[in-house]
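So, here come the structures, one by one.
First chain A sits with chain B, and in the next complex the same chain sits with chain C.
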Partner chain A sequence: MRAATSTSVPVRKNTSYVSLFRKDFSKNWMLFLMCVPAILFFLLFSYIPMPGVYLAFVRYNYADGIFKSPFIGLENFRFLWLSGDLWRITRNTLLYNIAFILLGNTVQITVAVLMNELRSQWFRKTSQTLMFLPFFISYVLVGLFVYNFLSFEYGTLNSILRSLGREPVETYSNPAIWKYVIVLTHIWKNTGYGSIVYFAAIMGLDPEMYEAAEIDGASAWQRIRYITLPCLRPTFVILLLFALGGILKGNFDLFYNLVGSNTRLYPTTDIIETFVFRSMIVSFNFSSAAAVGFYQSIFGFLLVMTVNWIVRKIEPDYALF
Partner chain B sequence: MSKTRLLALVLIMILICGLLGACGTAGEKEPADTPAETPSTEEPAGEEKQAAEEPEPDIDISEFVEISNYVLGDPPANDMVDKMLEQLNPILKEKINAHMRVEWIEWADYLTKYNLLLASGQEIDMIHASSTWLDFWPNVQKGSFLALDDLIPKYAPKTWAEIPQEDWEQCKYQGKIYCFPENSYTQYVNHGIFYRGDWLKEFGMEPVKNFEEMGEYFKKVKEVYGPQGVIPFDAHNGMSLWEGYIISNTDYVDVRVNTGRHKVLWGKSFEEPFELVAPVFEDLFVEYAKMMKDWDEAGVWRKDVLNFEGDTRANLRAGQSASDQHHSNTYRYLRVEMDELIPGSDLQMFAWCDTRGNLVAEPITHGATAIGRTSKHPERTVMLYELFRQDEEIYRLINYGIEGVSYVINEEGKLDRPEGFDSARDGFSINWWGGRVDKFELRQAWEWEPIWDIWAEYDKIVKKPFPYGRFVLDRTPIEAELSAISEVTNQYGPMIDFGKVDDPEKEVEDYRNKLKAAGFDKVMHEIGNQLAAYKEQIGEWPPASN
Partner chain C sequence: MAIRKRGTRIRIDTSTAVLNGFSYIFLGFFALACLLPFLLMIAGSFTDEKAIIKYGFRLWPPEFSTFAYELVFQNPDLVIGSYRVTILITLGGTAVGLFLIAMCGYALQRPDFMMRNHIAFYIYFTTLFSGGLVPFYLLMVKFLKLKDNYLAVVLPALMSPWLIILMRNFMKSIPHSITESAKIDGANDFHIFIRLILPLSVPALATVGLFLALGYWNEWYLSLLFLSPNMKYRPLQLFLYNLITRADFIRNSAASSNIPPQDIPMESMKMATAVVATGPVVLFYPFVQRYFIRGIVIGAVKG
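Now for the complex of A and B:
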């Protein structure tokens, strides 16, 4: 794609976009046709509903509908900073995603590299499968696992503590530990999947490099440090950019199923997504929920732009645009 | 060749765009095309003129219609409701040329489902409504229901005449009637805690009259039955005793302004209901927070109560919990049930009003019936309501089911179970709580008889009418503040309610600061002003007749 646009740059000088497009179209009309489903999809589910954002600026009532309800400007956004939660949810969303992306990728790369070093086929396949399994478990069940593990009366953790003669801990009223619980759960669930992607990338590396390094007397550690890791950089950047899309979507499943409506834990576990959900479901106010959603979109937009900008500075070839 | 293909492609694209465009505009126009107000105000207005000319207005029921009736609750596992409808519908066909269909709004997340249903624009004819537990006024303000002023006198004349004018006044928003109130049905729905009377006796304690005694009982249960796994008061995340604590310890009256988990604004007393107080800013709240922390530490509820959303009453029935929290109309039946399940359990109720007699009548819109703005047959729906309320045969069908199967009337004239009655197979319930009337109500052999003595006591102390019956808050100037305050109470409420705090005093302080930051003062000021205006509107208070 990038190559195609760069070759077309000189052409632009003497032809307009329209004629350029026409030429392009008649040459590649089959490709355009294949794009139609995707274009339609985004048109239907992303662009057409977009005017609905207007909901955030009106006092919504059912009889008048979205576009006829009275316009009230930024009134709906006022409750965001009145409740004092804006900073908290923004901070939590950002920090969690940084933790997920950095820690998650580190663990995935480590696991992939270790896999590569394993010589026993049988052991490697088995552990890969086992690590992959959590990826298929729904977060509802994961929430249940965590509850069964941490609950005060019957939780595994407290049973162990009791049998060791220690005091049981009240995990569900202690916000501090939830940062770790949530990040760990996320890593547990996604490592298998991510490491397979990295593993595949390692498999694709030219074995001659390793042979050459071995002949030159490079140790296993040196081979990893100077061959494998640098070669994984493109994969890492691409996965990072994919993960950014995920920030927009949030990790609602994870947070909602683990924390539920336990407000005691909100200081460390409330993110924009759960906040949107609450303002809709608990207070049933369409307009303020739309306002939070709008804020989330702006926030996500700025985030992606910023990271893309940073990536472009460091690795111009990998930037999204 | 390729040109024709291109042309075809372009045509397809145009077609698709056209379709999308059509969808878009249709979607936009819909709300404007079917405004609730226009048909309801214009059409009957025209008919009313007619009515003025002719004494007996011609009611057109030539078209057969099916009327939907939305009730709250889980659909019954047996087919008794269908059987009842099989008997009811032929009568309805004959009288008003209509059939009724029952739709259930299930209990899990009922408020969300209810609000969502109203928001969806789905066609709703008859629907249960309540100003105390189903957001009636906010939904009226959002335009969910149809104004009934022009329909009721013509299509429900008996009910129109039967309900006194001052009761209709309590159903009005901006001068228009939006529901039928359940105005002449005796029940008390004052809350309290149910507890095991047998254990109370065993501990040699007197019946509980206040929160301190309640706490002593809980701790005793923990001490004696705790080792067997009994939880003194099995609570779930949604419960809060704060309201009960206020009613038990003060004369304050609930203004019923929804501010999330904790209602932060109360009237000073029944005599001075227009004077606002904020109990969360009083020492009372600190005492409460300390007491709840003490209870939590004593193990009154499960340690992870904040994440528990199970059925606590099931645990009471199973003998695994020593108490439960709900209102006296629930007690009326639960008591009998418990006597059967755990003979000798002698379930008692500590009602909040037991401490100092702070009992104020419920608004008559606690139970009500409204008609959806989307209804295509509002006239017929009003006629149906008239039948429910004025025709004894139909009243019994909709309230009690089929005679001889779900109930019989015994020699004392009470409702009783027929021979060989099996509640799973023959039990009838449709949760019709929006139009019961005392004139047709029968005493029930399966209710706990002494409840009527308790209620007779309540009759003596209850202060009525509900002071804010005609007060509908205009939320617009303080919408953002109310949302923010709700967010704060929803967040801090559960921790304080279940004592999940390290230092109650500090937590209460934080809570208050958050409320202030969320615009509490503005809200109090605004509602105070609106109440002052309301006071002018209703004139003398308390009413002389009381």
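Now for the complex of A and C:
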């Protein structure tokens, strides 16, 4: 990605970009042709819908279409703001993503560091295989697993509580606990995947550093604290920057499969994606859904640009583009 | 992943031993926590419905029964139809998507192709800004008229910026001299790609292809958006989703079996269908795991 804008095109004096491109095209037209399917693909599915953000400023009706529906300015946004929806879903999306990033990376790094300590290769392979397994299943199945565990009547949690003589808990009507359920589920599903990058980074470290530390009498904790963790810093920072850029993007599959249309849980579990989906599919409020989508796209874009700009100032090597 | 040679160790100090023990315990529990839900699901699918109602989901079925599976397969048309749809979507989407991604990835890493960086940015920009769900939905439904069409699930997932960049990074490791010498011999770019580059990129194709295939197999979002519940054959994940969330759907799918509605084993049937839908992925997974690991490492570190 970093190479995307790096200017490796040598521009000599008196040679305009246009003539340079013309020369390149006449030489490499076949390579260009090989990119055409991808170019058309992104044109159709990404670029053509972009002007559709205009939908956020009209009172949409299906018959007139996007550009003939009456223009109402910021009315859609005003309504979302006054109803409190905008604030609620923004807060939830941001807080969940911050929790996912911070806790997720902590667990992933812990797993990678501990995996490196294992000396039984069999145990390492087996545990890695098992921890990677949740990455391969759909979120529909994840939703079923959570139901298996938390369902009031048949859930494993309540079976355990009942057998201990305790009162079973009504999980599906209690919004407070879902913060933890969702974050834990996210960690459960993504730790195996995320720790692979960190583990690969540790594997790439020079073993001589560890040998030298051992000769100097460093304890296991010191080895991790002063060698492994500092060496993981670049990986962590790059992944963090990636994640920060997407901090306004929610994981629809996760939230919708766990919560679905359970309105009692919305105060703590409604995120931008689920709100947009509901507004559109359930209540057919296309303009309102588009307004939220536009707001998300704009602020997400500004966020990526700002993060990247700051990183470029501090440490250019880490910049995304 | 290669293990680091530590050489011969004479003595292990206490802190290392403690950390070692802690690693085994922590990772052991974590791995178990990842496996447990699968075991609960399998046990649930083999448990008699009355036992589930009485005891809840257990790790070992208190009363063993295969009734749920019998019901799922008594009306095999629905399950097999879903399977067929999912397999066709997965195979078709993966084959087409993989070819297009490979073609684009190859062109984008050719150092003598000046437009490569501009095209790469054109692709990358779509991850920075998007029109959002509603314009995309209207495009699909109103202009492409893909409602209730399986193409609505296949087409938008054919490519992704991440997979194209992954492919490009993979292909960078193929020496450019191969292309150059073939060009001197008079081969054109497409020929070079088909005859020389593709055979050399088998690991890359396997990795990207598996990512695509897994995506299609687990695809649920596009099906939910564009395929309506009155379609007879739905992709497996949507089929499973409807079964989990809608009681009437279970009753309908067991309707032909002449069982009174109150006797339909709702809970164990959910589990049995989940096992049937996930089985292939879980069985296949240990053999292809390494391709995914390589893809994740190359995609993340070099990206």
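As a working rule, the second predicted complex is superposed on the first by the 255 of 321 C-alpha atoms of A that agree within 3 Å, B and C clash if a C-alpha of one lies under 4 Å from a C-alpha of the other, contacts with A are read in each partner's own complex, and residues count from 1 in each chain.
Quick note on the criterion: a contact is a pair of C-beta atoms (placed from the backbone, for glycine too) under 8 Å apart; a residue touches a chain by one contact, two chains touch by 3 or more.
As the structure is a prediction and not an experimental result, all values here were calculated from the model.
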Inquiry  = Just checking: does A:M131 make contact with chain B only, chain C only, both, or neither of them? Give me first, second, both or neither.
reply    = second
Request  = For A:F145, decide between first (touching chain B), second (touching chain C), both and neither.
outcome  = second
Ask   = Does the superposition put A:M34 against chain B (first), chain C (second), both, or neither?
value = second
Message = Looking at A:Q296, would you say it contacts chain B, chain C, both, or neither? Reply first, second, both or neither.
response = second
Request  = Name the chain, either chain B or chain C, that contacts more residues of chain A.
outcome  = C
Task = Using the touch definition from the top, say if A:D85 reaches chain B (first), chain C (second), both or neither.
result = first
Query = Where does A:G260 make contact in the superposed view: on chain B (first), on chain C (second), on both, or on neither?
reply = both
Task = Using the superposition on chain A described above, determine whether A:I177 touches chain B (first), chain C (second), both, or neither.
result = neither
Message = I'd like to know which partner A:M50 touches here: chain B for first, chain C for second, both or neither.
response = second
Request  = Mind working out whether A:T191 is in touch with chain B, chain C, both or neither, as first, second, both or neither?
outcome  = second
Ask   = In the superposed arrangement, what residues of chain A touch both chain B and chain C?
value = 33, 44, 48, 65-66, 147, 151, 153, 260, 281, 286
Note = Seen from chain B, its contact residues with chain A in the complex are 2, 5-6, 9, 13, 16, 20, 24, 28, 30-32, 35-37, 109, 111-112, 115, 118-119, 121, 135, 141-144, 237, 260, 302-304, 306-307, 309, 373, 476, 479-481, 483-484, 486-488, 490-495, 500, 514, 517-519
Query = Once bound in the complex, which stretches of chain C touch chain A?
reply = 1-7, 13, 15-16, 18-20, 22-24, 26-28, 30-35, 37-38, 40-41, 44, 52-53, 55-58, 100-101, 103-104, 106-108, 110, 112-117, 119-124, 126, 128-139, 142, 155-156, 158-159, 161, 164-165, 188-190, 193, 214, 217-221, 225, 237, 240-241, 244-245, 267, 270-271, 274, 277-278, 281-282, 285-286, 289, 292-293, 296-297, 300-301, 303
Ask   = Residues of chain A touching chain C in their complex?
value = 1, 3-9, 20-21, 24-25, 27-28, 30-35, 37-39, 41-42, 44-53, 55, 65-66, 110-111, 114-115, 117-121, 123-124, 126-127, 129-141, 143-145, 147-149, 151, 153-156, 158-159, 162, 188, 191-193, 196-197, 199-201, 203, 207, 210-211, 219-221, 224, 235, 238-239, 245, 252-253, 257, 260, 273, 276-277, 280-281, 286, 289-290, 292-294, 296-297, 300-301, 304, 321
Query = Which bits of chain A are touching chain B when the two form their complex?
reply = 26, 29, 33, 36, 40, 43-44, 48, 59-68, 75-76, 78-79, 82-85, 147, 151-153, 170-173, 260-264, 266, 278-279, 281-286, 288
